[in-house]
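Chain naming follows the written order as A, B and C, and within any one chain the residues start at number 1.
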Amino acid sequence: MSALLASVSDQGFLSSSPIRTALAIGAAVAIVSGALGVFTVIRGQSFAGEALGDIGTTGGSAAYLLGVGPLWGFVAVSMLAAAAMELLGVQRARGRDLATGIVLGGGLGLAALFLYLDSTYHNAAGASVTILFGAIFSISSSTVPVVVALGLAVLAILVTIHRPLLLSSVAPEIASARGIPIRAVGAAYLLALALSVSLCAITIGAILSTALLIGPAAAALRLTTRPLRAIACAAGLGIAAVWGGVWLAYESYYWPPDQQGWPVSFFVVVLVFVIYLASGLPRIWSARAERRAARSVALSGGEA
Amino acid sequence: MFSGFMVNAWIVASLVAVIAGLVGFFTVLRGSAFAAHAVPNGSFAGAAGAVLIGANTLLGLGVFSLLSVLGIGWLGRRGRHDVVTALMLVLMLALGSLFLSLSSQYAPAVYSLLFGEVLGISSNELAPTIALAIACAVILAVIYRPLMLSSVLAEVAEARGISASAMELGFLALLALATTMTVPVVGTLLIFSLMIGAPAAARSFTDRPGRALLLSVAIALLTVWAAIAASYSTDYPVGFFVGSISAASYLLGRAWGAFSQRSRSTPDSSAREYAATAA
Amino acid sequence: MSEPGAPSSPRHEEVLSLDGVGVRFGARQVLDDVSFRLAAGELTGLIGSNGAGKTTLLRVILGLQRPSAGRVLVDGRPLARRERRIGYVPQKFLLDPDVPMRARDLVALGLDAQRFGVSRPSKTKRELVQRMLEATGASGFADSRVGRLSGGEQQRVLIAHALISRPRLLLLDEPLANLDLRSAQETVGLLARIVREQQVAVLISAHEMNPLLPVMDRIVYLAAGRAASGRAEEVVSSEVLSRLYGQHVDVLNVHGRVLVVAGAGEEADHVSANGVHPPVEIVS
């Protein structure tokens, strides 16, 4: 523990500008995706989030061709895809059904083309890695206000629709009986999802983004059933995963094999996975405690 | 286009297309789209590991494909919608990215493993690819009939003595073999397009199982051939053409299916039943 | 508790015999000392409410469930692992409308699906398939995709699929459950015809016996895991069923339809849980 504190307070870690940017962006994204992730898990729309992440690859790789930052590519294409999903009623699909998978494949083929053009004509040879697996240390600090603004937009949408959204997710017939415009609420949610996935994509990469969206939220929902508490918990767990990942990546610069550092996104995904597994422990412990209590009651009662 | 190293590319790609069409047919029949997504993710990590330690990519693909299908078989139908499963799939991708980042070929290897690289098939990979294709074809030929019934009506097949779990195991083995040989050509992100797109399109054009199987293979072959030819002339990546042609043929099939159903003057079911009993 | 009845006619050979079959899941005795015989050319109804043990009994006959007691013989021989002497039509099956398989192809699979390898098409096979489709009234939609047929049509195809391999016994699990009245009557008529023409033994499970009364040669009545079997007139009587249920029930015959009614009192709840009607108040 003291070694941890020592390295954090170490001049190198916090004084480095890319690290500070990464921590700031990571925290903002973790809060936003934690909140949205809780709704996503409750609505059972993890697949929609995954699909939007994958299609974001196409957008991000196109962005290089247009000379804009990948974030705009993610945002533009995922919002278009969310609109298409809403119109076609695709978001209600429970899993990787054939049509969505094949159309996504077309999009990924396009991404392959864009990435090829990026590296051949625009000298962006590392574009593949940045788009797919993220490069949080390469984000310029001028992106931070954009991320914060988009994050606030998502939170604003959530604050506005959170009650009808919850009701229509949990009991759609009751919601529509009360006059809630389910379709409009669902569409607003998809929009927020697209923005949130885009933010996750610049943090840990488009095809890994689902981990940050679903993992902390699912873990939080295993620890508490109250939505607001789950959101706070998910945000906290997400921040832990992202900051932990940033710190581990920083430390890994001294690790083998050739002291170049391990990818941040790898650490974040591993931490999310560990956090999710750990969130199952309290239930196991309390079940075990209950069994022990029941056994002692039976033992003492059976002696009558 | 047909000289020298390109000959290898044509041969390998054709074998890949045939196997992808055959195994993909049963993947679609069994509704195993999840497996077609999960196994390539696992194999990506294996291939990346092979790149890192300098082993043969096919070996890494093979070992991790096998581990992935065993994992799927052990999970059963229950685990398919689990959060743990979803996180594990992403973990495989992240693991692969770690392995590649530690090797000296990060960006190019990422690209070729995810999107394919047909023009780089070396001649010492021709023999193992042929072996994998033959193994796949033999297994499929042997279990063809029971697999067909078990995939469509598992309970009825079970009552005939066809064990559903044995068929599932056989199918997963086929999937592992097919994934291993297909990933180097089309990449893990696009394998779904080829393996699922061709059979899904084929089923729109014919009612009969044997013909649908042959049509899957034919569509897969045409897709891959067109992709290689186009890639050779434009220098654009093969994966781009595979993805677009698969999507196009699938949408074409759906359009054709919708059109032919509307234009065919089929009496509705109850009218048919009435006619049958009145006779 | 059973009454193994003799086959209704001496010339009908015995196809299936159960002797003292019992199935136990942990502490629960699902089937208890079930014995009966099925003969070729006879249609038998396996009647019992949901939870009475019908599905378990069918699974025992199919060899999918090992009995904890008793024995099952088909044609005098024990069940084989790859049992081809019994055809089976399950209650629930889901056929994707897009599956590229015509009714004709599914019936053809009935000939040799359990054999390894690829089948060689032949004129003989084609004719056999066509004859079976006609015998089950399915020839009108033989070339449509199985997944696009109605429930009743799919059932006919599955019956043809089961019959084409010439089984000695055909089992149908609740074939009438999801059909409308007309389709149910057609199915019953079809099965009676098949029994006569193909000389198979047919066992139909149902929770409602009235649709089958006109065509049933024998009945196996299942209540709380115990069975009474024999001709319908003998079995469906107040004394036999009262003994089976362990308390008093009345059997009413109302215009040719049978109603099994529980007696009054606390026992009534227990018995009505087994598919018997609660006490009826006659109002004028």
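To be clear about the criterion, a residue touches a chain if its C-beta (ideal position, glycine included) is under 8 Å from a C-beta of that chain, and two chains touch if they have at least 3 such contacts.
Every value quoted in this text rests on a predicted model; they were computed, and no experiment measured them.
*Asks:* Which pair wins on C-beta contacts, A-B or B-C?
*Replies:* A-B is joined by more C-beta pairs in contact.
*Asks:* Point out which chain occupies the most central position, where each centre is the mean of Cα atoms.
*Replies:* Chain B is the most central one.
*Asks:* State the chain with the largest centre-to-centre distance from subunit B, centres being mean CA positions.
*Replies:* Taking each chain's C-alpha mean as its centre, the farthest from subunit B is C.
*Asks:* Let me have the rounded angstrom distance from the C-alpha centre of subunit A over to the C-alpha centre of subunit C, please.
*Replies:* 53
*Asks:* Which whole number of Å gives the spacing of the CA centres of subunit A and subunit B?
*Replies:* Here the centre of subunit B sits 29 Å away from the centre of subunit A.
*Asks:* Quick check: how many Å separate the C-alpha centres of subunit B and subunit C?
*Replies:* Centre separation, subunit B to subunit C: 41 Å.
*Asks:* So in the complex, the part of subunit C that touches subunit B is made up of which residues?
*Replies:* Contact set of subunit C toward subunit B: 62, 64, 80-84, 86, 88-90, 93, 95-96, 98-102, 105-106, 109, 112-119, 137-141, 143-146, 149-150, 152-153, 158, 161-162, 183, 186.
*Asks:* What part of subunit B is in contact with subunit C in the complex they form?
*Replies:* Contact set of subunit B toward subunit C: 29, 31, 141-146, 148-149, 152-153, 155-162, 202-204, 206-209, 211-212, 266, 269-270, 272-273, 275-277.
*Asks:* Can you check the complex and tell me which residues of subunit A touch subunit B?
*Replies:* Interface residues on the subunit A side: 41, 46, 50, 94-99, 101-110, 112-113, 115-116, 119, 125-126, 128-129, 132-133, 205, 207-208, 210-211, 214-215, 218, 257-258, 260, 262-263, 265-266, 269-270, 272-273, 276-277.
*Asks:* Which of the residues in subunit B come into contact with subunit A in the complex?
*Replies:* For this pair, the touching residues of subunit B are 28, 33-34, 37, 80-81, 83-84, 86-88, 90-91, 93-95, 97-98, 101-102, 106-107, 110-111, 114-115, 187, 189-190, 192-193, 196-197, 200, 236-237, 239-244, 246-248, 250, 254.
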